[in-house]
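Each of the two complexes below includes chain A, the first together with chain B, the second together with chain C.
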Partner chain A sequence: MMSLMKPDMQMDESFYKIEDIRQLTGNAFSIKLPKARFAFKAGQHISLGIVGGNQSREYSIYSGENDPNLEVLIKEVQNGYFTPQLRRLKVGRVLEIHGPFGKFGMEPELAAHGKFVFIASGTGIAPFRSIIRTYPTIDYTIIHGVRYSEEAYDRDQYDSKRYKLCTSRENKGDYYGRLTGYLKSCTFAPETHFDLCGNSDMIFDALEILKDKGFDRDQIHCEVYF
Partner chain B sequence: MKYHLITLGCQMNIADSERVSSVLEGMGYTRTENEEDASLLGILACSVRQKPIDKVYNKIAQWNRWKNKRNLLTFVSGCLLPADKDKFLKTFDLIFPMSELGQLPDMIREYGVVTPAALKSRQPIMPKNEHIAGMWSIAPKHQSTYEAYVPIQNGCDKFCTFCAVPYTRGREVSRPSSDIIDEIRHLANQGYKSITLLGQNVNSYGLDKNGEEISFAELLRQIGEFGKISEHEFWVYFTSPHPEDMNREVIEVIASYDCLAKQIHLPMQSGDERVLIKMNRRHSMDKYRRIVEDIRELIPQATLFTDIIVGFTGEGEAEFQNTVAAFEEFKFNMAYIAMYSPRPGAASFRWEDEVSSEDKKDRLFRLSQVLKFYSNENNQFYLEKTMRVLINGTDRKTGFSTGVTEGKIIVRLDKHDHSLMGQLVNVKITSATFLSMSGEVV
Partner chain C sequence: MITNEKKTVAFKTLGCRLNQYETDALVTDFSNAGYELVDYNASPDVVIVNTCTVTNQSDTKSRSVISQTVRKAKNAVVVVTGCMANNFKEKLERQDNITFVVENSRKSSILTLVDSHFSGEIVHPDQLPQDVFRYEPVRKSLHTRSAIKIQDGCDNFCTFCIIPMVRGLATSRPVADVLESVRKTVENGFKELVITGVNIGRYEDGAVKFENLLTMILELPGDFRVRISSLEPDGFGDDFVKLFAHPKLMPHLHLCLQSGSDKTLLRMRRMYDVAQFRKTVKQFRAIYSDFNFTTDIIVGFPGETEEEFQQTLDAVNEFNFSHIHTFKYSVRKGTRAERLENHLSEKVKNERSLLVRNLSVENKMNYFKSLIGQKQDVLIEKITQGTASGYGQHYAPIRFKITNGQRNTIQTVRLTELIGDDENCYLAGELVL
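Entry: the complex of A and B
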């Protein structure tokens, strides 16, 4: 049967050739693409698809607004559909990128004057790296929850006094246990802004803890990884 | 030359179909409701649930069988997931995004010239909407003379985990406000009584233009100003807003203008915080509550509608009870309650659909009972009151005329009067029950 597919795009600005792949752990890696051809706010996410495939996924931008590359942080999901395909990609393959999306982006005025606690589980640290690279003088503390210490992706890029690693499966972090356990033990200044990024269960539990500590929901911003 | 067009899904597709009709009739085609009489057969598909997509597959299989006996041209457009597009490419003659509707005449004329192999590699994973303005500039062929839908935006950037729309309609793109106002002015002057602004997230209108377009509140204000000077009576609705982008200013504007209907459809989806997070709804119950409080304070007469999904992944009985509690708190006039079903393309499709079908049905029933209780309670308030009602149909059982109030509560009349169709009339409410009322024209 003859068919006519009317194209609604050309080989244009949505396509990015992979420039580098950084292996961070056995199953986590970052993909470096050319500099974003769109303006984004640190903290926002993009949609990423493999050209020739028919699915896409959303990833927070891992690089800063002014970095020479657009970068995303990916963890391969065992028996997953999409991330194993990403894992097999080589430098030079083309990805289809759309975005930016979301309201998790940091406002410059707030970054300059606010006090922040960034709470991340696993690769949920991605938007916070983007924010810190964009605003190097930002007043922040990161609470990063992972299972093993090797998942402290690019830890050396953060101020060691501002980065708290919570490891749940081995005692090699700043806190042995879930990040929510550490969060319960913390005290924060009343004007603190909280930004949460990670799986939905962590976000819900952290929200409850922060509400119990008396923080207003408007001080807490969430980005769910799914 | 006759065409037959099947429209599945939401009002957005209905609005799109009116523009498809306009293009085809501009080519000389005439519409037929009998598909066996048509030489051009089309479907505007919906990917929100699996059932409409199954219908597309069934229909094209039937149409392709007919091709053995007569010449037919088939097309599909609307909300299509990339995976379905791949399959439809092999079964339909034409497949195009709505943003390319203006080129449909060329596609039909040039049918057969371009092969799919030459074009497949250029198929986008996420539709691009830069050219959607071209589609919006096509004057729609309205199916009704008193109710019309006006698209103000296309696409969605929200990425709710249960929904595939961002992958079928692409990014949010706002239609120029001047075009929207012009279309509303034209419709009102033509005598349209009910005009609905359409978009996946209508109240994020303008945000994609980075300050170069007015806000949703300002759009409503400009429509309201036109309504003030218009000699025609009409109601303007909008659907659907997202709680994340709803603010007090929008509600203040609705309160200020008569033509802005006092009916707000505010999808909640769940009354449980944990489920809302899992759905990636980006609003809390506190936020939703504040919006409802603003509505009750500024527009106390407004009716409140919502959308709910029961049985979403992660919803246990305790979480469901929070939705029940929200119904008891907000006392919705109407709720569209759906049992969750995983949709290919949506993020939640990758998760286990862990709530049994029986539990979903049970929750649907129980929540419907709560809805009925408060709907009935709300409707009792209108007893003996005289209300403006838009007559828009006929009751199947009695054959009597039916209509809707400004708040979209269904009203059944005590007789049939064809001359009232499409008219705004005063009706005295004589009885009220859940989800509908009865009355007599006064």
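Entry: the complex of A and C
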């Protein structure tokens, strides 16, 4: 297959060849790359570009810190610029990765002793999979908001008692409706740490609910995708 | 340098304090190496343009300065550096009349590059070492205060900001280096230091965080005072607030609020909310009632509703900023905000910008008035026809009559009145003898 790299272009530290693509739904897929050549904290993100292309986007790392592959979870956005290009990529193509970035990374000390509620919309589940794979004994509950149950990406990899699926367009999850509706009905221990990831509207609403429940903003961490 | 003839160099700087500091350090470098600093219009042998790319206007300005330079200084060695050199490297490199394009990370080695050029050695800018902290402590400067660079880069990726793309990952200058730079800068005669970086609150060298470093700087001997350039409101502990009781640390912070709406802040990917900002302001003002806060506000961010904008006006009123750097949102190519929905019309942005600016002037006048009657220690920047001007501890501009005064000295002044009723208003005072 033809590579986008110019013949004189050196294989750079930041270049990663796609090893596998897992189709998860009609428009969501994961890209598996060789093991990260940088140390990262589960929860952090990278920037990803197609070698020879002129744009890049940020993606949370989907794999755990010690996994043999670096993996990202991607949803193709209709009329998006970058994701339709990613969607067309085949195994063997080269991506340019920079990072890791961001303060959303999990601290080992906290993971060992803390109690966590992870709140995600759509692909916002990505950093939490990384965290759970890195810290398999972590005390967590995931509240995952999607439209259809098929978007419960890699659901079988989470402890079913700890994974709550909220589906807004069909009654096939643990809760029928938006995740914020479910969140309102929940009670949490006062010392809980909340990590929120996904679109800013969901994060805004969830923050209001948690603040109404009396949680301090300093207990809540957010990663906004758009 | 190998020629006997003294070569001349001129600088043009655009953009932020960090860029200004880096130019000052290069001026020091070139002067130490025997170059003569001349005006940009005096046909210099070397022109260094230190560009900015933070907004589209900065790009336009930088581009225009570059074209002016290559037109005027036909036979000069033209070096283009700064954030635009990172953002548009290939494009600039294709311009024949630019001799060198040097990225930010290699900026500190420009003297080596220029010297090699004059000695006939062929060195490509990409061969220069990458070190964002390798700057000489500023000696010869056009300013009375010197910046101390402690940090570079940022990986917050606020959706409107291009900086992470051009300045790279957050990185901190080693503690020992920072302290050495402070010592030398104070030895060089500077009375006021401004702690500078891209996101200085993120400073971290091993166990030393920003407030620890600040404590170490304040404890260094010498007759100097310290300001903090600009901080992200990421949440501060009580210890940081208490630090401002130190006589060397000035009671002023430029805390970037950007918007008074939590929804807008999230769309900007700013990771604090208005309540947290409020808590910080209250923490400070509970101890230092006249503490001066200034800020940046972006108006007309994509999707900003009337209600969200009103929340910004409310916040501006509540926090009583003495100065607001108001940015009318403009699309920055390559940022996430470029692709957000609901971009606002220029008309709406202009209207909103005007409202914030008007409020800002009102607040500024009120804050300055509240200082009347106080004594302020003014660092004199300029003396013109017996009138000295400079800034007091709170960073309010002050003017007063003086005989036999000297630039770069600190004088105590009692504030008597506010002069002017616009953005450029200032305080007048009398020298306390």
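The rule we apply is simple: the second predicted complex is superposed on the first by the 215 of 226 C-alpha atoms of A that agree within 3 Å, B and C clash if a C-alpha of one lies under 4 Å from a C-alpha of the other, contacts with A are read in each partner's own complex, and residues count from 1 in each chain.
The rule is short, and it goes like this: a residue touches a chain if its C-beta (ideal position, glycine included) is under 8 Å from a C-beta of that chain, and two chains touch if they have at least 3 such contacts.
Not measured: the values here are computed from a predicted model.
**Q** Have a look at where A:V117 lands relative to chain B and chain C in the superposition and call it first, second, both or neither.
**A** Neither partner.
**Q** State whether chain B or chain C is in contact with more residues of chain A in the superposed arrangement.
**A** Greater contact footprint in residues on chain A: B.
**Q** Just chain B (first), just chain C (second), both, or neither: which does A:L210 touch?
**A** Neither partner.
**Q** For A:L86 in the superposed arrangement: first (chain B), second (chain C), both or neither?
**A** neither
**Q** Per the contact definition in the header, classify A:F101: touching chain B only (first), chain C only (second), both, or neither.
**A** In the superposition, A:F101 contacts both chain B and chain C.
**Q** Given the touch rule stated above, what does A:S14 touch, chain B (first), chain C (second), both, or neither?
**A** In the superposition, A:S14 touches chain B alone.
**Q** Return first, second, both or neither, reflecting whether A:I74 touches chain B, chain C, both chains, or no partner chain.
**A** It touches nothing on chain B or chain C.
**Q** For chain A, which residues lie in the overlap of the chain B contacts and the chain C contacts?
**A** Residues common to the chain A contacts of chain C and of chain B are 55, 58, 81, 101-103, 200-201, 203-204, 207, 217, 222, 224, 226, listed in rising order.
**Q** Where on chain C is chain A touching in the complex?
**A** So the residues of chain C touching chain A come out as 155-157, 164, 169, 235, 262-263, 266-267, 269, 271-273, 275-276, 334, 336, 339-340.
**Q** Spell out the part of chain A that touches chain B in their complex, as residue ranges.
**A** 1-11, 14, 47, 49, 51-56, 58, 80-81, 96, 98, 101-103, 200-201, 203-204, 207, 217, 222, 224, 226
**Q** Over in the complex, which chain B residues touch chain A? Could you list them?
**A** Residue list for chain B touching chain A: 64, 81-83, 85-86, 89-97, 99-100, 103, 107, 110-116, 119-128, 131, 157, 159, 161, 166-167, 170-171, 244, 273-274, 277-278, 280, 282, 284, 286-287, 314, 345, 347-348, 350.
**Q** For chain A, which residues are in contact with chain C within the complex?
**A** 55, 58, 81, 101-103, 200-201, 203-204, 207, 217-218, 221-222, 224, 226
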